[in-house]
Amino acid sequence: MALVEVENMWFHYPRARLGAGVEGWTLQDISVQVQAQSTLGIVGESGSGKSTLIRVMCGLLRHQRGVVRFDGRDIAGLSGRDAVDRRQRNQMVFQNPRRSLDPRMTIRRSLSEPVRALLDRSPDDTEMTGWLERVGLGPDVLPRFPHQLSGGQLQRIGIARSLSVNPTILYADEPVSALDVSVQAQVLNLLMDLREQLGLTLVMVSHDLGVVSRMCAEIVVMRHGAVIESGPTEVVLGAPATDYTRALLHAARAASLEREGAEG
Amino acid sequence: MIRHTLRSLATLLFAALIGSIVVFVLVHMLGGDVVTVLLGREAAPKDVQFMRQKLGIDRPLVVQYLHWLRGVATGDLGTSYGMGYDIFHEIVRRMGPTLILTLGGLLISIPLSLVLGTYSAINAKKVRGGIVDVVAQVGISIPAFWAGLLLVLVFGVRLGWLPTGGYVPFSDDPLGSIRSMILPVMALSLGVTAVFTRYVRTAMIDVMNEDFIRSAMARGRTRRGAALVHGVRNASIPLVTVAALQFGQLIAGAVVIENVFVLPGIGRLIVTATLGREVIVVQSLALVIMLIVLVLNFLVDIAYGFLDPRIRDKEAANA
Amino acid sequence: MLELDDLRVHIGGHEIVHIEHLSLEPGSRLGLVGESGSGKTMTAKAVAGLLPDEARVSGSVRFNGRELLAMNDRQMSEVRGRKIGFVFQDPARSLNPMMRVGRQVSEAIRVHSELPRAAVARKVVALLEQVQLPDPPTLMRRYPHQLSGGQQQRVMIAAAIAADPEFLIADEPTTALDVTVQEEILRLLISLSEQRGMGVLFVSHDLGVIRFVCDRVAVIYGGAVVETGRTEDVIAAPRHRYTAALLAANPGMPRDDNFRAFIGQRLHTIPGSVPPVGTFPSGCRFRNRCVAASEACTAMPGVLDAGDGHRYSCWNPVEGL
Amino acid sequence: MPETAPRGSATNAAAEVRRDSRWRRLRRLPITLYLGGLLVFLFVFVALLSFVWTPYPPNHLNLRNRLAGPGTPGFLLGTDRAGRDVVTELMLGARNSLYVSVVSTVVAMVLGSAIGLAIAGSHRVAQGPLTRLVDAGLALPGILIALVLAAKLGAGNTTATLAIIAWQVPVAARVTIGPARQVLALDFVEAAYGYGRRKPYVMVRHVLPNISPLLIVLGSVMFAAAILIEAALAFLGVGVQPPTSSWGRFLNETQSLLEAAPYLMFFPGLAIVLTALGFNLLGDGLRTVLDPQQARSGLA
């Protein structure tokens, strides 16, 4: 049984009226499966619905049609303790670390929020120091405010915050695209290491095929709100079945550096 | 575009409904009895009963409300108890001076504030730009009636150039009519001009930070040229909306100014009626003024849709 | 054609840019690559005289022998658009939302010449054709929001080259675009540069993009050029430690589509992050993040020559391969 | 997904510079802040002082010194027709201005920003109509409410206060909606929902602190407006009634003496202007200090 199963799922953002056709739907008839401890990359151009898809999977948005199951249970039907439990096990890392931490809250407060909200207790500094160590930061950041820290540090804090409630699955929405190249590499490596150490499942959205092909064993290609291709990365990108994926790959290769896989 | 218009119209009707209910409820729910005010505390119960019947306030509130609405629509608002005039005709008769005053105020303040605000924004980092802004700040802080009194003192009493008050109908004496309105319009437009100037300044400074100003400069516009060609256009279209919103404040100003200059407009009528505790007159006047303001805003809303290509295309512009 | 000497830009008391020397030949494409805060955009803006008001600039920027820094806003405005075109990062924000596309494309022509209306219109149509936009006569009457991001950037490019500048500055022109659109726009820039013999200063944070577009590259860190040379040379054999680290940190794409070998591969990292403006160390600005830093690095390294115009400033350069 | 691409080095560099120059800016605070602060302080000080000391007792009539000009010994700014000391009257007037504006501004701020927050947090479909309703409220001349109230309840401070509140609530609501929506669109809000926080919590813990600089500025500007409206209502005779002193009422009473004793209308008017200017300048200064850039550009 897959950890996450999305079956014939349709989603649209709230609006006054919706036309009869498919144009109002941000996501159309999506079916995706995520195995436990696997790595899934979602690629596509802007507006393809990839960020919306992981938000539905993560439970941040509620779909209108179809089924999304987590650990075999329909997430729409969960309530009370089960709903809290699902939230705790599904965590998200956002694209822009400056926007994902409240500028008016200290890092201590931001970092402790998930535990306060989901587990209903206040973690102490020792515990939080442990979380920070995991992402390579010291306890000196605790009393600071976001504007006093760099983008790379903030993204690490974002990751530490997501991991504080011991999730099963981590969703990452373009986790490095707002970061400098030199910091990108640090954060990508960190995500890979943490995933292995903690046995996490990782679902990552990225527009960068190079990043996705390093991070993810499986890949989903989206276009105009629908999945057009999916499968193991080396199959989908190594031998694309659709013209669109081929075009995507061609364009990505044109403006990228060629790297040996084994050199890293 | 059609949806934009329909939505504006719906807002207009809805706001008018809410507004009229608020006015009605204020008048009929809050303490104090109209009849007591009219007849005094020692009135005989029989007279009170008769008065209540005559005023129609013995009927259910909803009926009274609907009756009043119908009156507004058909121009039958009854007569004033104190003065005996027909309320609707009185309102129509007094519309003239008020409209001259408020529209004259807008006519002066919009172009003036565009020039001043743009000048102040282009020179925002220089002393002269700052001076314009401080003057505008002072302008905002001057109550219209005091400005009126000062103008009367200087131009009316000391210099004797212009009349200190009173209204001359245009048909009687065109020149005298214009002379009689100069000071009131000046007093009224001072504050509004100051508000608009600051608005234009802020909008222009914002626009000047936009990337498209930089890209216009990259094509060979000077900073000033880019400001005038691209900045003013983008900053002034929202001014239309602000001007419409400010029209309500302009009416408020007119109420005060008419009382300073003894102009026989709606503003003076409503204050006189208020001081005479003529609740029915005040209630209808409030609704009529409200409708004027709302209709004006509705028209501006439509015009705005035409002016901004983004709204013209998209019906949702909630950005 | 373009020569920068001892160019310094100060903002709020901090030196954002200090470029000893940088030059660009006519018709060639120079890439300026660096991370955020490296000063690459400020350098580009200094050349075009588009720095924010609070910036102080000194040194020399010569364009065809004329000193640009000595010019006032009016004189510069005659250079901008006419001699130097500029394409910005975010086309959606760089086009006036209230103005028809055609008028924005024709702006440089109208500012710099007295062409009659009909001739201007013909020129706009020709320009829109050159940037490969469909149906120019209809398109020029549209507003920016009615176009896609890629179309908007094509419009920006058409507007930038409208008055036939000899030289184009492109500041991260594809960062806001999708990868497929990016490729099209980059190809368009290359072909325009070749057709018109137009020099290009191309600013980007992405070495992959630079490699695709530029024949020469200047790597910039902490406001200073640390390495410059032919793009192929610099990428194949970087000498400066920062360039090497930047290359190693780039995720890239697997050679020969060997995706299987790519999965799970760690990247080389550069410790720390780009320091905030004004907090770079003295001497070599990269030394507090450099794996090969030594005592010598506290002094400013001189410029060394690796041949063929490949120059770098590093005390402990990467040797050989 | 307009935010997919990094805004690049220019923005980040600017952010660095901005952050760094924060101290600098704090050291050279805008002059408007000092000037506004000084005027506001003077106003509040005089108003409070009037409770313990005024040159003459309230409503003390110096019948021998009626219409004494400014500078008359014992009467710095002269006396009015009834022989009341102008300085005393102005001090007492400040008291009434302060009272009315504090009450009305506080109530209007709380009510208005609560409505604004509620609208910003309401369902996306309901937001448009509700916002437009506030707009309509904004367009309506608040003086109408004042006059209707006065006609019904009679003139007085209560009428004035209620009218100012009715006038200012849509203002506060309208100013709150936009920035609150901006904050709600940021990722940390989404994150908060992600770990199970509910809307009221998000509103109070995330949105309110982030728009508080704006509310402070707004409060200051609303204070200025309240001073002006109170004066206007009192001037029209629908505000505070005798024997309570008020600048606006004082102007009304001395209007007929424009020719004979122009100083009588000059000083109360000046008091109104300076006080309103003080709050306006203070608001402007605060706006500069509290970094509008931050509020506008989504708190980057």
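Going in written order, the chains are labelled A, B, C and D, and every chain counts its residues from 1.
Note that a contact is a pair of C-beta atoms (placed from the backbone, for glycine too) under 8 Å apart; a residue touches a chain by one contact, two chains touch by 3 or more.
Bear in mind that the values here come from a model prediction, so they are computed numbers and not experimental data.
Enquirer: Considering only chains that satisfy the touch condition with chain C, which of them also satisfy it with chain D?
Expert: Touches both chain C and chain D: A, B.
Enquirer: Hopping along touching chains only, can you work out the least number of steps from chain A to chain C?
Expert: Graph distance in the chain contact network comes out at 1.
Enquirer: Measuring centre to centre with C-alpha atoms, which chain is farthest from chain A?
Expert: Of all the other chains, the one whose centre lies farthest from chain A is B.
Enquirer: Quick check on this structure: which chain has its C-alpha centroid closest to the centroid of all protein C-alpha atoms?
Expert: The chain sitting closest to the overall C-alpha centre is D.
Enquirer: Averaging only over C-alpha atoms, locate the centres of chain A and chain B and give their separation in whole Å.
Expert: 53
Enquirer: How many Å are there between the centre of chain A and the centre of chain D, using C-alpha atoms for each centre?
Expert: 46
Enquirer: On a C-alpha centroid basis, what's the spacing between chain B and chain D, in Å?
Expert: Each chain's C-alpha centroid was found; their separation is 20 Å.
Enquirer: Find every residue in chain C that makes contact with two or more other chains and list them.
Expert: Those would be 35-36, 90, 205, 276.
Enquirer: Would you please write down the residue numbers of chain B that are in contact with two or more other chains?
Expert: none
Enquirer: If a residue has to touch 2 or more other chains to count, which residues of chain D qualify?
Expert: Answer for chain D, listing residues that touch two or more other chains: 2, 4-6, 12, 19.
Enquirer: Would you tell me which residues of chain C are touching chain A in their complex?
Expert: Residue list for chain C touching chain A: 35-36, 149, 178-183, 186, 205-209, 211-212, 235, 245-255, 257-270, 273-274, 276, 289.
Enquirer: For chain A, which residues are in contact with chain C within the complex?
Expert: Touching chain C: residues 45-46, 150-153, 180-186, 188-189, 192, 207-211, 213-217, 233-234, 237-238, 247-248, 250-264 of chain A.
Enquirer: Given the complex with chain A, which residues does chain D contribute to the contact?
Expert: 1-6, 12, 19, 123-125, 186-188, 190-197, 205-206, 209-210, 212, 294, 298-300
Enquirer: In their complex, what parts of chain A are in touch with chain D?
Expert: By the definition above, chain A touches chain D via 13-16, 46-47, 51, 55, 58-60, 83-84, 87-88, 91-92, 94-96, 98-105, 110, 113-114, 117-118, 147-148, 151, 161, 165, 174, 177-179, 207.
Enquirer: Looking at the complex, which residues from chain B come into contact with chain C?
Expert: 125, 210-212, 214-223, 225, 230, 233-234, 237, 308-310, 313
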